[in-house]
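Labels for the chains are A, B, C and D, by order of writing; each one numbers its residues from 1.
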Amino acid sequence: MIELGQNRYGKSAIRVVKIARRAGGHRVRDLTVAVALEGAFDAAHVEGDNAAVIATDTMKNTVYAFAAERLDGAIEAFGRALAEHFIAAPQVDRATVTIREHRWSRIPLEDRPAPDAFMRDPSFTRLAVVTAGGGVTTEAGIEDLVVMKTAKSAFAGFPRDPYTTLPETSDRIMATQLSARWRYGTADLEYDTVFDAVRRTLLDAFSSHESASVQHSAWIIGRAIVEAHPDVEEVGLSLPNLHHWLVDLSPFGLANDGEIFVATREPHGLIEATVRRGDAVPR
Amino acid sequence: MIELGQNRYGKSAIRVVKIARRAGGHRVRDLTVAVALEGAFDAAHVEGDNAAVIATDTMKNTVYAFAAERLDGAIEAFGRALAEHFIAAPQVDRATVTIREHRWSRIPLEDRPAPDAFMRDPSFTRLAVVTAGGGVTTEAGIEDLVVMKTAKSAFAGFPRDPYTTLPETSDRIMATQLSARWRYGTADLEYDTVFDAVRRTLLDAFSSHESASVQHSAWIIGRAIVEAHPDVEEVGLSLPNLHHWLVDLSPFGLANDGEIFVATREPHGLIEATVRRGDAVPR
Amino acid sequence: MIELGQNRYGKSAIRVVKIARRAGGHRVRDLTVAVALEGAFDAAHVEGDNAAVIATDTMKNTVYAFAAERLDGAIEAFGRALAEHFIAAPQVDRATVTIREHRWSRIPLEDRPAPDAFMRDPSFTRLAVVTAGGGVTTEAGIEDLVVMKTAKSAFAGFPRDPYTTLPETSDRIMATQLSARWRYGTADLEYDTVFDAVRRTLLDAFSSHESASVQHSAWIIGRAIVEAHPDVEEVGLSLPNLHHWLVDLSPFGLANDGEIFVATREPHGLIEATVRRGDAVPR
Amino acid sequence: MIELGQNRYGKSAIRVVKIARRAGGHRVRDLTVAVALEGAFDAAHVEGDNAAVIATDTMKNTVYAFAAERLDGAIEAFGRALAEHFIAAPQVDRATVTIREHRWSRIPLEDRPAPDAFMRDPSFTRLAVVTAGGGVTTEAGIEDLVVMKTAKSAFAGFPRDPYTTLPETSDRIMATQLSARWRYGTADLEYDTVFDAVRRTLLDAFSSHESASVQHSAWIIGRAIVEAHPDVEEVGLSLPNLHHWLVDLSPFGLANDGEIFVATREPHGLIEATVRRGDAVPR
């Protein structure tokens, strides 16, 4: 017998921009939204019966309409409004709304920010993931934050087997394109405020710690976030290790005392870790 | 109390090319390999103790050396050799080796293929994922296969709510960048032969079926694969719906009877489904 | 005094798909079109007067409408129809239409190709660039053709200065993502036939020659094309040298006799050369 | 007769990072460098004689070594040092060095910036292009600056032909990924200072002007730069028009008074213009 297993469907890459035309200066909200539904969609698959299949085009329209009416605060709240709308359909068991916010800031002029001219600030993307169905789960995150430590990063004491050639180092460059995603244990937070505070903690921990490895860094950053923010139950970190290799300048009669590096993308280490409150109910 | 949760680490994007210099003509094997380990790495995170941390650089070296000595058949077998190597370290509970093979074919000359000149054949990427730890799991897959149906694709009978504007259609274009990944229930297969057969089934099913929706297509394709290949326990399909919208040519006095479309990438539908034997042990 | 210099404008990335629903089997034409105009647009720039500015949205519409009525043969002919349309506006001195064709082939079933199911064949992109204004110039090209020689490629005899560390080699891998673009001296060719023949010459020359350097290869390939195709006046080649470095396996007690390579993308050589008939009028 | 036409070669995508370990705090310089040479390379092409061919690997090494010894100021000066090095070889007629600088800033901590922890600031890339051979030409530029005007942008008064459907608008969003590249008429400038001033002028002009079209904006921005900076002879601007389309919310009973837009990437307008001093010698 052959049967349908896990399945879900939805619309991805819904690009919506909202311009709030306020007197003191406009505000740009620039989102990429994805909606995914799980539920009683067996007949759609097995029988080709679409009676339960909310069209993904309808999801897109819903995002546009909700952007007009409901997008006036944090993306976590907007995501919740969308998730609760979709979970209300009886055939839907679980609705996941993923929102990435692309940041724009008003261009600074000599005396004040421009009221209606903006620059993209791509230094990171803010993420919210809201899941409805048997309660609501709210996660927030930060993606594509590229950071580097030029000191306080070592990697030594690792095992040596016949395939090991890497020398130990007490001082290397550590560079990563950091992604973090954390789950809130509390509902109805001041999400913008908390997000800024978590980001602040993350950057402080990244900057100040002595790293024995990327794994060690992941723990220290994750622990700092959970420790400092009681609303955060758990944080997952993904840290590619974007290697910077010291260039051998000796053929040219030059020393290279930790100064000249070649930046590489392939291959890269990939370190992923979750840090959580010990009393958190595992998901 | 704060604790370490799920974690894993490894090396990604290891690019290795092997040239088999055979008398009748060379063969190019072009792989991108990723290794990920889980296990007793708490001390690395929490204490900065690297005694158990096999360096990701060592993983890279191991892939190179194993490519020299062990890469003479299917990527599934190569992946298994690597996974079993890494699981042999006592601190490792689970080793996952992911291999993508980029295909090259000998350039056809007038009378025969060139012995030592090749073209990339990027029409799809072949995937193998081997996991060792409490037994070995072998998955195979196909990625980035871009296919299109210009007939036999409908989408009608879906619910209409206040946000629904999509008209029903009995004839649309269905285009997708298909990814499929299946798990073998049998060990030591002729992996290359089975892969080709599964790909063949997939393309046949895609080509011949009448689609009521992308969900319906996912089921039909998945069922065909499980039905035809007793070694396949389960197959997961990911089908982005790359919409092709009929262009309104009426302002220019022209009809458009299913002829001129604009191809779009954003937003796109995303349909994911798993099809499995009913008697398969759930993973 | 400040003045307007060179300027041009247009619409890029116009994605249009045409389905020819023929009895024996459909045909998919999948194009990305760009239109660029030069001419009397000073007032638009300097005075903000749009009286002469054909909207880029109008260009897009024109491409859609022409696809319905005029796209039934080679992209060179379609490009010419568009270029001649735009040059007819009195303010336009020069119209450049660039078309990239993405290839789809009917999926092969057991006994015949599917009539209405297609696979993308991304092994290369076909290019046409038609320029109207003081006559019509037609160029054709091939892009993103990834090819590799596993023999008959050397690089030796190059000068050594204090910054030179590269050893000479009589046998290396040469891999490149080849782009070629050639200009026709003749009008109204059977463009599809000529394109196929040029591509054939290119692949033959690439496969068979002994390469002393990528520069040498560029010349040999270019010369072969101009020699074999009297309609081609000139061909430009762009050959990034995608280095494959021999891996040092000696730390693992293994030889590496031209077998195991690491494929890299950064940095890469970049070799560009034009080959032309000596009696061609320089452009 | 068949002959070699225009040709050049070099190394691209040379990634080099320099860490200046200064007492008060480190500084990260992160560059992507390309070198291209033109000259007496006919024998390399036609005869496969590499006696004149400076290996691109040597170019890479030279960049690394010069980064150690000569990279202590602006990228324009570093580019000049490299270009003058390569032009000194007798077979080289022209050496072009293109440098992109990726910006990193020290992570702000509570009371001061971190001394040794950095964030990528990807809001733009700084460009320098130095050409040596018959004198030295120095160009600077800014790339990938994504900006948006939410007011003061119109597009009306354009011609209407049978393919025109775009309505006129007195108020639209104008968004672009701006690239600008300007040529200095003066040597030995304080390049960092001038760059910052030009960028400032560019952003001011972008923010404050009333735009009748993207062409109009290009002129206004270019003119402002040439006007304000006597060292700038000429500036070229490339402005893709990343359309933001007003969403029709009327099917959902909602008004959309310039508030909700869908951001698109394909197709896009592309406007390119050069603005120069009238007394500049044309290049």
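Convention: a residue touches a chain if its C-beta (ideal position, glycine included) is under 8 Å from a C-beta of that chain, and two chains touch if they have at least 3 such contacts.
Computed from a prediction, not measured in an experiment: that's the story for all the values here.
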{"item": "Steps in the shortest chain-to-chain touch route ending at chain D and beginning at chain A", "value": "1"}
{"item": "Farthest chain relative to chain A (centres taken as mean CA coordinates)", "value": "C"}
{"item": "Centre-of-Cα separation between chain C and chain B, whole angstrom", "value": "29"}
{"item": "Distance between the centres, which are taken as Cα means, of chain D and chain B, whole angstrom", "value": "38"}
{"item": "Chain A and chain B, separation of their C-alpha mean positions in angstrom", "value": "24"}
{"item": "Residues within chain B bordering two or more other chains", "value": "15, 61, 65, 163, 165, 251-252, 264-266"}
{"item": "Topology of the chain contact graph, where touching chains are joined (line, ring, star, complete, other)", "value": "complete"}
{"item": "Chain B contact footprint on chain D (complex, rising order)", "value": "162-163, 165, 251-253, 264-266"}
{"item": "Residue ranges of chain B touching chain A (in the complex, touch as defined)", "value": "1-15, 34, 36, 41, 44-46, 48-58, 60-62, 65, 155-159, 161, 163-166, 211-216, 218-219, 223, 226-227, 234, 236, 240-241, 265-279"}
{"item": "Footprint of chain B on chain C - complex, ascending", "value": "15-21, 26, 28, 30, 61, 64-65, 67-69, 104, 107-110, 114-123, 145-152, 173, 203-204, 206-208, 244, 247, 249, 251-252, 254, 256, 258-264"}
